[in-house]
Every structure is written in C-alpha cells, then in structure tokens.
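Following this line, the structures themselves.
Paired with chain B in one complex and with chain C in the other, chain A is shared by the two complexes that follow.
This part shows the complex of A and B:
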C-alpha cells in the first residue's frame, strides 16, 4: 500500500448549504468571544443581543433547507440533513433563543461572566443541532460531548455558591460516567456490526438475534442516554443539578439537553436497533413505567419549586419514553386512517416540542416571581393571584399544560402518547397506557399544590429566603429584609433553598419587576403553549413531516 | 348535514361567545366592577339569545338527526375534526346551560362571596359556560374531551378561592376524582378509534361521533366492548357521580360558593349522564347491555344511600348535595333500562334536577347569607320571617320530591316505570326489584325534603334571631329565581316540551341497542 496515498488528505465533498446552520452557530459563537476580547467591558451589554440575533439568523438556513426539502446525506451517511433533523434543529434554536431571553437579566444582575456564558450556551446548542443530524455512532458521540461539556460548566456558573458547584460537579461526574458506559456499549455494537453507521448496524443486528453480547451492547448504549434524559434509576443527578444551577441553565438542561437525548434515542432506536425489538421494547417499557411513577411520587413531596419541576421533568421524561415501548408493534408502523408512519416516533417528537415550550414557560415564571419573593419555596407563591394576577394566570396555563389539561398544549402531548400505546394493539401497550393515565392523575397532585398556593392561600408574611451559605453569595439579611423591588447582586441564590437553614424574612407583595427580555420569554412560551393546545395541528404537522432518512 | 348561512355559525357562537366575553373582561381593570358585570351579563345573554334562535329554528320533526352542523378540519394528524351538531338530546341541556349562566351572573350582582374579586369569578363562570355548551354540541370525541376537561379548572378555582372552610380539600378531591375518570375515558376514546368497526368488520378509524353511533359497535366482541365501556363508565360515572364514586360531591357542593354549587349541580353533573346517553350507550350497545345490571344496581344503591345520607345531615346545603346523589340515581336507573322511556326519563330528570337543585342551592346561598349558618336546627320560621322565600323553598322542595304537577315528577316516575320492562334482553326480575327499591327511595325523598322544609320554614323563628331582620327575597334574587320557578311549573304541566325533543333520539338509541344485542 502506498503510504503517500493513504496520508494524502482528500477533502470530503461538502454541502455548504446543508452545513450552514452549524457554521452560522459556530461563527456567532466565535464572534461573541472576539467582540468581547476586542471591546472588553464595553461589550458586555451587547452580548445577549448578539447571541440572540445570531440564533435568529441561524433559523434562516434551516428555513431555506426546509423549503428545499431534499434529503442530504453527507460523510457516507454519518451526517444527514432531513426533515426530522431540521424540525429538531429549529426547536433547539428556538429553545436557545428563549433561554437567552431568560438569561439576560439573570446573568447581568448576578454579575457573572457574560461573554463566556453565551459562548458556552451557543457551543452546547451547536452540539444539539449536530445531534439532530447524526446517524453514526461516532458523530452521535461527538455531538453528545459537544453539547454536554459546556453544560457542565454552565451548571456551575454561580461559582461562588457551593450548591452551584455541587450541581456542576455532580452533573459532570454522572455525565462522564454515563459517557463511559455508553462508549463501552458502542464499542460492543461496533464489534458485532463491524461498522459505526446506523444502517449497517441495523442490518447486522437483524440477523444476529438476541445473543448476550447484543443485549449488553444495546443496553449499555441505551443506559448512557437514559442518564442524559434523567430516566429513573439514572436520574439522581437531576434534582440537585437543577436546584443548584442558575435557573436559566436549569431550564436549558431540562428542556434542550433532555430533548437532545431523545433525539439521539430516536435515531438510535428507530434506525440502528430496528432489528432488536425484543431487547429494546421491554427495556423501555420498564424504564418508562418506573420513570414516570417514581418521578411523580417523589415530586409530590417537594417543597422547593425548582426541585418539584425537576422531578416533574423526570416524570414527563417517563411519558416521553413510553412510546418507545411499542416502537415496532403492529399497526404502529403505518397508522390507519392517516398518512403517518411510525406513530411512536411521531408521539415522541410531538411531546418533545410541546414539552419544551410549557416547561420553559414554567421556569420563566419561576424566574420572574423570584425577582419579587427571592424564594424558591412553593409556599412563597401564596397569594400570587392577589398581587400579580397576570403572572398567576400564566403559571396556571403552564402548569395546566404540564398536567395535561386542555386547552393548554400538554393534553395533546399526553394524547399522542395514548395514541401510540393503544394503537400498537398489544396488551403491553394497553397496560402501559393505563399506567400513563394513572400517573397523569398523580402528577396533578403536585401541580395543584402550586395552584393552591397562588390562588387559594393568603400572601405569606414571611418567606424562606433562598440561602446559600458562604462565599460571595451570602445574602445580606438586613438588605434582604428590606423588601424593596430592586435587585441586589446576590439575587441568584434565591431559588436554592436549604430548608433547615432557611432564613425567614418579611415579605411585602407588590408588582413583580419585569424586564423586556423576560416578558418576551413569557410571551413566546405562553403563546406557543396556548396555540399548540387550541390548534394541535400546528405541531402535529411537524411531527408529520419529520420523517427519517433511513439508511446511508 | 352541514348548515349554511347563520345556522352554520350558530353553534360556534353558542360555544365561544362566553369565552370572548371572558377575554374582553380580562382587559378591563378590576376596579370597574359595574362594567365587568355588564359585560358578563351581556355575553351570557347574547349566548342565550343564540339559544332562543336555536329553539325556534330547530326542526322538531327531525329531532333525531343533527342540525346546525359544522364540520371543519382541526387536527388532521389524528383525524380529529371540529364537528358541532345539535339534536333533540343536546338541545334541552344546551338551553339549560344557557339559562343557568345568566341567572348566576344576575345572582352574583350583589352576592360576591369572600374574598371578593367579581372580575375573576365572572370570568371563570363564562369559561365554564363555554366548556359546558361545547360539551353538549361537540360531535367529535376529541373535541368533546377538550370541552369536557375545560370545565375542570374554572370549577376547581371557584371552589378553592370562594369556597368555605374546607375548600382546599374539597377542590382537590373534586379535581383528582374527575381527572382520574377522564384519564381512563380518553384511553377508551383512543381504543374506540382503533378497534371500532362497521358491521362488515372494516375498521372505522374515526372520532366522528355520528359515524361511531351509526356503526353501533359493529362486529366488536362483547368482551372488548365491555372493557372499553368500563373506561367510559369511569369517566362519566365519576362525573355523575354514581355510588361509590360520589364522595367528592357532598364535599364539593358544601364548600363551593352558591353560584359554584348551582352550576355544578345544574349542569356539570349532567355532562356525565349526557356522556352515557350520547357516547357510551350508542357506541357500545353490547358493552352497555353487559354493564346495565350493574349500573342499575349502583343507581338504586345511590338512590337509597343518598336518601339515607340526607336524613343524617344537619347542614342544609349538604342535605341538598346528598339529594343530588339520589336524584342522579334515578337518572342512571332510567339509562340502565336501555329503553326509550327510560332514556326519555333520564334526560327529563337531568333538566328537572338542574332546575330544581339549582334553585335549592340558590336558596341555600341566600339563607346562609341571612343567617350566616345552614345548621337546620338553628333555622326555623322562615315562613314567618321571610315568607316569600319560605314559599319558594316549599315549591322547590315539593318539586324535588317529585310531586305531580311539578317538574321533578317527570324525571322520577317514568324512570321507575321504565324499570318494569327493561330493554335489550335485560333480566326483568332484577329490574323489577330495582323498581321497587327506587319507589321506596321516592318515599325517603319525600321524607327528607319535607323534614327539611318543616324544620326550616315552620314554627316560630328561633329566639337567637330576635332583633335580627331577615330580609325577604330581594330584586336580584327575584330576577334570578323567577325563570326557574316558572320552568318548574311549566315542565310539570307540559312535560311534552322536553319529551317531544328527546323522544326521537331515545327511540333511535334504544332501537340500535336492541338490534345490536338481538343480532348477536
């Protein structure tokens, strides 16, 4: 063999149009860093604007690609731009935009590093956008690490606060552990299939049957992603990380990061592991049932709203996992009466889109309310309806959506899950549908606790101040007790309550100090939540067009 | 069946006018209370005006078919459409809902319960109105489900914010019970989509209610029908509420503010029984036949249990709440016979119960406002201290116990009669036993209602009220109550008004059931 020819670099044929969204994100991320270096402190104020505009610009090539509609496989099928990837890329970008809106004042008032924050956020988004296109074990893994590593750092962004450090460290350790497990599984899959390409893997597994090595390989890969989507029993990092991380980052993790995990699972399960239904379906049946039940039961006991939302997110993840349990059953592949193929897949995409907006909305309200109450306790929501009715109504909308009550969007998400499960026509599907139904009722129990506080209870005289002892985040009690609407520089620790150490401070209700960015985030999420509930056709259209490009 | 011109819009208006009113009210500041009340009244009266138009434009000769139909695409991906339609079964209930809401608005004019905030209370009422009207005219299962659920949150807030002492418990219990039922119900709806077939055995794959009703279960096996029916039974049965799922009702009624109790009793409970007649029976005739003996059993248990519960109450409002359990038992007994006369009786019972119990809850609210208590033992002498109110209570109690000549009679008597000869091959012996038990239940009803009336209205006012002036019926109360009193008497003398509307539908349902059951 000619060594020279082997080493000679041949540039693969690049489809610049197909790569435009990723490249735009990369350019914006770099631009944010360069501008910061060039302008120093003066640049701080324009950072979020720059990041936000950059994200909106990224939507342009996604739209042109969608209009074009052609499927564009690249790098030997390892990276594919198809309808499915475009729908999810657009979702990630929109979620990123809302998170930027939520972050503007939080990061500025907390006096954190601004440019690095947005750079890391954009980098993580780049990883998610790549994930949507990855159809090869290697590209999936690269995308996963690219989206995770910045997220580890973002979780620890309140570097003065021990809770935030704990959040980052826990998230990092668990994440790395999950990656290691997954990588081991991937190596086994490679050993069985002889290739990393999903299409080849599918072909190899179909003939293989459920040999022990195949079972171990597939389970390890899936367990790696189960960590990512915080499925029980791999969820233990989530509540601590969510509570300790800065709230906008929490929102980002609970929505975008989770959706990215589901995107990877979707392409893995529906393309690569198609031949291993016997292994995949029972695994997901148990995982979904346990995740939603345990998530719900623990959520019932939470007193901190962020932790409650964290466990609610775990439970919602269980609902989203449920359709995988019937991924390859009977009629599910071609839905009678419609032109949709693979109903379970459709259900998961629809759920992910709807979940993104309702959950982001709930976190936006939490962020806004904490600017007034400085507390993350559910009891601090007492009487919200009496002094901030608009905010209470918005929160009601988002919680109703999460609980699945029409006309808020969440009901349709739950509905498509039922649809997929019952449509499979197997006893396993029926039973899981009933489990989902029962869990949907349990879930209302904890959403109702917040509703009760907001609507039924009087305004509390004192609230448990979010304390985070030590470091530069220690709250000046004298200042905090002076219940004025202005924000001090320690504001970020409000939401992390340590019950035993909680300091009660006097609370006077009043107008919630709003900012334009936060109001925009609330408006976007509220409109999306309501519109997707009244006209679910909007989202089901995306689930409908989001068809895969199968094979390389 | 699609209508044209204004007719095509009439039902959409009937459903969404209250919601539009609610939206407008949200933009008006809370302090401008009078304007808010005017908007709420205007929106509800405008809805009623649409209802009056519907009453006149309705083709009574064709009451068995859907009229004023609208059929538009909605969620293509799951084949759910925006389908509205009105037939003889929907019409009386829709009108009932349209009448009750403005009366509640009028009653609220001077009776905003603690902690105030007329704006929020009225907005919730209008949202409730939209949900209830929508449920009665929706002809697509998913649309029906959405409207059926829309009413939950407003009622939850109504009980929880303006309710009595135990409101948190009562509101959550109400919500969780109903949510549990509807979660199983939606699973059944989806199952119907996938498994429902026509007679030839071809899958229907539709949520269109008239298509599902026309197929009447197709060639579905009796066992499958019974399983799916069980899901529907949970959804509708909890809402009715049937024994043993009734426990949310006394709590919710007792704690709810007056208008909340009125709306709950007059209309929300009917969503459950309406669901049985509209969905469960015609879609799954054999499932219905399989379940009917059990439904009948639970119904008569409800009649007796509700009556005994009433006799044990010391609180006027709680007594009326338990009487609802008993009355809805008669309605369910009528439905369980699967006969035209039973279904007719059930629908009449729904309307009559809506009017009468709504009136009784209004009275309880006004008594509470004057005496600040509803302890029956502390009331007394109402006929002396507030004679007009006492006589209204007398009429309502008589109507409630089923005195001939008032509306209540035509709900109970035919229901008992229908159990003599149940349809669809049901056991005559069993249902005749139910008939006897139900008849005994009417005696109990007379007992507790007369006892209530005697203790609260006869005799001298209790000494503790000496020096207090107990005001008689005021003009807002007259405005809110007169239509109900007229309706009680009118339907008592001319029951054909409602039977005439419903008859075609009941005959159709009963015939399709006996055809399906007999044919297998």
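This part shows the complex of A and C:
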C-alpha cells in the first residue's frame, strides 16, 4: 500500500447517537479520574456519587435509542445497535449502578483507593456495553478484554490481603489462558470463513459442514467463553476468586461478567455458528448437564456463604446454558397458561435478566449481614430473624428466587428454560429438561440450609472471622501471612478454609449498621426480584423486544 | 502457498505455550507461555489473511498485540503484588482457598 492510498483514507461516518451510551460511560470514567486528580482528597467522598449519576445518565441515550427503535449497524456491521443490544446494555448499566451502591461504604470504610475503583468498574462496564453490540470477532475480542482486564485488578483490590491477591492471580491466569484458547479458535474460524464478521462466518460454516477444522475452531471458541461463564469443568477459578475478592466485586463478577459471557455466546451461537448446529448443540448439552449437576452437588457441602453462592452461580449458569443445547430446534412455543411465547434464545435472555437481580440481592444481604457478624460462615446466619428480621425476610426472598419458588422471579426463569427445552420436541431436549427439573430440586437443599439457619436456629455465641467487612482485618491477615512465610505452609494453615475455626470471635447480635446506599441496593434488587416474579409479562416484554430483531 | 507450514508452526507454538502454562510454576514463565499462545494465534491470523487475501487477519493480529501488552502489564503487576506479600511467585503456592 503506498502513501497515496493511505492519505486517501476517509473516516467512516459515525452514528453519534448510536455511540452515545459508550461515549457517556467513557466520559464519566475519565471525569472520575480527572476530578480526583484536580481536587485530590476533597473529591474522595463524591466519587461514588459521580459514578452513580454517570451510570444513570448513560441510561438516557439508551432510552432515546430504544424509543427510536431503528437498527443501526456501524463499521461494516461489526458493531450493531439494535433492540437486543439495548436491552442488555440497560441491564449492564443497572447492575453497575447497584454494584456502585453496594461499594460505597465498603470501599470507603476499607480505606481502599476510591477513584481507581470506580474508574475500573466503569471501564469494565464499558466493555460489557460494547459486548452487547459486537457482531464481529475483533469487536467481541476487544470488548471481552476491556471488560476482563479491569475485573482482574478489581479482584485483587485488597492489596495487603493474601486471599484477595490469590483471587486476582487465579482469575487472571484462568481468564488469560481462556482468552488465548478462544483466540486460537477464532483464528481457525477466520481461516475457514475468510473474514471476521458474523454474517460471513455463518455463510461459510453453513457451506463447510462439520469438517474437523470447523469442529476444533468452534469448540475452542466456546471453551474460551465457558471459562468466562464458569461452566464445569472450566469453573475452578470461580469459587476461589469469589471468596477472595472484595464482596461488591464478587457480586459484580458473578452477575455482570457472567451475563457478558452469555451475551457473547448468544450472538456467537445464534448468528455466527448458526450453520454448525451439529457441533454446537451436543457440546452445550453436555456442558449444561455437567455444569448444573456438579455445581449443585458441590454447593451442597459448602460452609462459607460466598463459596455456596459461587457454586450456586455455577449451577445457575448451567440452567442458562441449557437452552443452547436446543438452540436451533423447533419453533416458538406457547407457555402454558399465558400468552407468552418462548424460544431457546428468549429463555436465555429472560434467565440472565432475572438472575442478575436475585443474585445481586443475595450478595447485598451477605454484605450487609457481614457488617455485623464479620463472618462468611453459613452458621453465622443462625437466628438472623431474631435480631434483624428485615434482613432475614429479604434473604428469604432472594434465596427463594434463586431456588425457583413461585412468587419470586426465579421460578419464571426456570419455567421458561424448562419449556424451551420441552418445546424443542427432541429426545435430547426432553432428557435435558428432566435434568433441569432434578437439579432445581437439588438446589433447594443448600438454599434451604441458609433459610433454616436464619429462621429456626439460635444466635451463635461465637462466629468464625471470614468475609472481612473492613480494612483492619486485612492488615492483620497480611502480617500473619508475612510471619508465616518463614514457617512455610504449616504457619499459615489457619487461614485456609477448612481450619478457620481457629479464629472464632465472640458474637453479640444487634442492629445491622445500615447505610443509605446499601439500603437502596437492597430495595432495587428486592423490587426487581418481586416485580419480575409477579409480573412475568414485564420481563417477557423485554425478552420479546430483544428477540424481535435478532439475527434477521 | 506455505499455509500448512505456518499453521504447523502456529500449532506447535500454541502447544508449547499450553504446556508452559500447565507445567511451569514460576509466575513470569506462565505469563511468557501465554504470550507464546497469543503469538501462535497472530501467526495463524496473518497466514490465513494472506491466503484469503484480506487485510482483516492482520488487523486482528494488531489488536491482539495491543491488548496482549495491556494484559501482560496487569499480569506483571499482580505477580509483583504477590512477590511483595509472599516473597514468592511460584503460582502453585497460592492455595489458601480450596473446596
């Protein structure tokens, strides 16, 4: 290419309206940094406010775009703003807002860096928002890394805490390894298709059939994303990272990061890999069945609530993966007793939306309760109803939703997934539907254990220090680790999960120190969980909107 | 066209990288192995791009190079953090949390 050709480069027309949500997020993220530099310590207190308001402002262009309703492809179809992407962008922004609310006091009381925390959170959200619009291997890859890299740093946010360090390391190594595997798959997909946009790939794969290179290419790409959504057997990082990372970050990872992985899978599977159903469907069948079952069985024997929620998140991911196994079977299917039609695609979107709020809610309660008990053990929830009835009721709501008990929203999510599988009308779909039903029952076992603790057990006299709610513990832990470095592994054994009983402290029940931000996070998630459960039409409307334009 | 040779080299590099990630204990060596995997991908992309005579393969490779730099920056920062707290970068020693 000569210089003349380079100079003749014409900037592609940019649709500023379509890019407005991303640009707003970018501006807010930059603003948080700049304000912090300019005002120094005085600005610390307004950081969360600024980030929160910025996120709400980002909703405005998303709404105007939704009202406008036009499909806006950009950059040769690599970046598409349509109803599907707008619904999920709004979800990511709302989840981000709730996470900011959860973080306010945690970050401030722990004396962590404030500006950097919110900047990284916003950057990660920007990656997720971009992921919703990506329809090209390159833009999917860039969005994935943009959302992952800040998340690695957030997981290791407590610099002095050995657990947080370990969480960051494990998340980083697994995440980067997974993206390398995914990229190798993408390079082979590119080799088969001859271009990186999903339309070309779909056409090429349809023509190619299930040749060995196509199988390897697609499996590698899907395995890369299976790491991201922590599907068994690629889930090993999730419980450790969730336990070690600061709790608001854990909530963010288990909801937003996982949803972003599913968004990428949705556009990849339903658009790009449409022609390779023979490869995609069996893979997801096995992945979903194994993920649900293993996640649930391991969750049954957890004693730490964050680890239990981590494995429950793995299992919930399995429910979300199940409809992929019948992605291209059957037509739209009428939900019995309603006028809602369901497809595998619709089921995944609905599940992701509902899961986001119920899981965020559960983590908000964990965060609030640990402010009092300073513990992560399930046994520390004993008698919660006697001294904090509000918390116990909220936790019951969220756990009931996660378990899929009717009035709460989780029931509708599982119902839709179940009928999507049955509606496919294939033996594989029927068998998987049975596995889903059995797993929904198993899952009730470990949710019920927490409920039993809260409602029927007495308040424990001592609790094991675990989930740390402030910065003080962390210094102790770091010092302990330093000392124990000389005594090799024997010395720091008391920090490990199984021997943590050594650090029992006396526990006096009392009012849970509540703050406005945390209360708002609880209120938003509780209202969303209830509303989506009582009015399933609401979420199915969004599901319909998202489905309508998708993939043409 | 030498496509096969490029792909074989790419596959070999990728396999060496995977081996390094799984077998090496040293955090920095693991990061270098991941770089090997990413470079195998770049090689594949450029070779396929030449074969199909499209520029998007090279564009993709450039994106990967840029992102990999950021990724390794964060990775080294995490390894440095671990070294400060534990005086060790052997990745298999970080096993506080299990189960």
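The rule is short, and it goes like this: the second predicted complex is superposed on the first by the 493 of 552 C-alpha atoms of A that agree within 3 Å, B and C clash if a C-alpha of one lies under 4 Å from a C-alpha of the other, contacts with A are read in each partner's own complex, and residues count from 1 in each chain.
Methods note: a residue touches a chain if its C-beta (ideal position, glycine included) is under 8 Å from a C-beta of that chain, and two chains touch if they have at least 3 such contacts.
Small disclaimer: the values here were computed from a predicted structure and weren't measured.
Shared-chain residue A:523: touches no atom of chain B or chain C. Touch criterion met: A:419 reaches chain B, while chain C stays clear of it. By the touch criterion defined above, A:536 lies against chain B but remains apart from chain C after alignment on the C-alpha atoms of chain A. Touch criterion met: A:444 reaches chain B, while chain C stays clear of it. Of the two partner chains placed by superposition, A:428 touches none, neither chain B nor chain C.
Once the two complexes are laid over each other on the shared chain, residue contacts for A:187 go to chain C alone; chain B is not touched.
Touch criterion not met for A:459: it reaches neither chain B nor chain C.
On the side of chain B, the complex with chain A involves touching residues 73-79, 120, 142, 145-146, 149-150, 152-153, 156-157, 160-161, 167-168, 171-172, 175-176, 179-180, 183-184, 186-187, 190-191, 193-194, 203, 205-206.
Interface of chain A with chain B (complex): residues 331, 336-338, 340, 346, 385, 389, 396, 400, 405-407, 411-412, 415-416, 418-419, 422-423, 425, 430, 433-434, 437-438, 440-441, 444-445, 448, 451-452, 455-456, 535-537, 540-541, 543-544. By the touch criterion given at the top, residues 137-138, 141-142, 145, 149, 152-153, 156, 159-160, 162-163, 165-170, 172-173, 176-177, 180-181, 183-184, 186-188, 190-191, 194-196, 239-240, 243-244, 301-302, 307, 478, 481-482, 485, 489, 492, 495-498 of chain A touch chain C in their complex. Those residues of chain C that touch chain A in the shared complex are 7, 10, 14, 17, 21, 27, 30, 34, 37-38, 40-41, 44-45, 47-49, 51-52, 54, 56-57, 59-60, 63-64, 67, 70-71, 74-75, 77-79, 81-82, 85-88, 91, 93-99.
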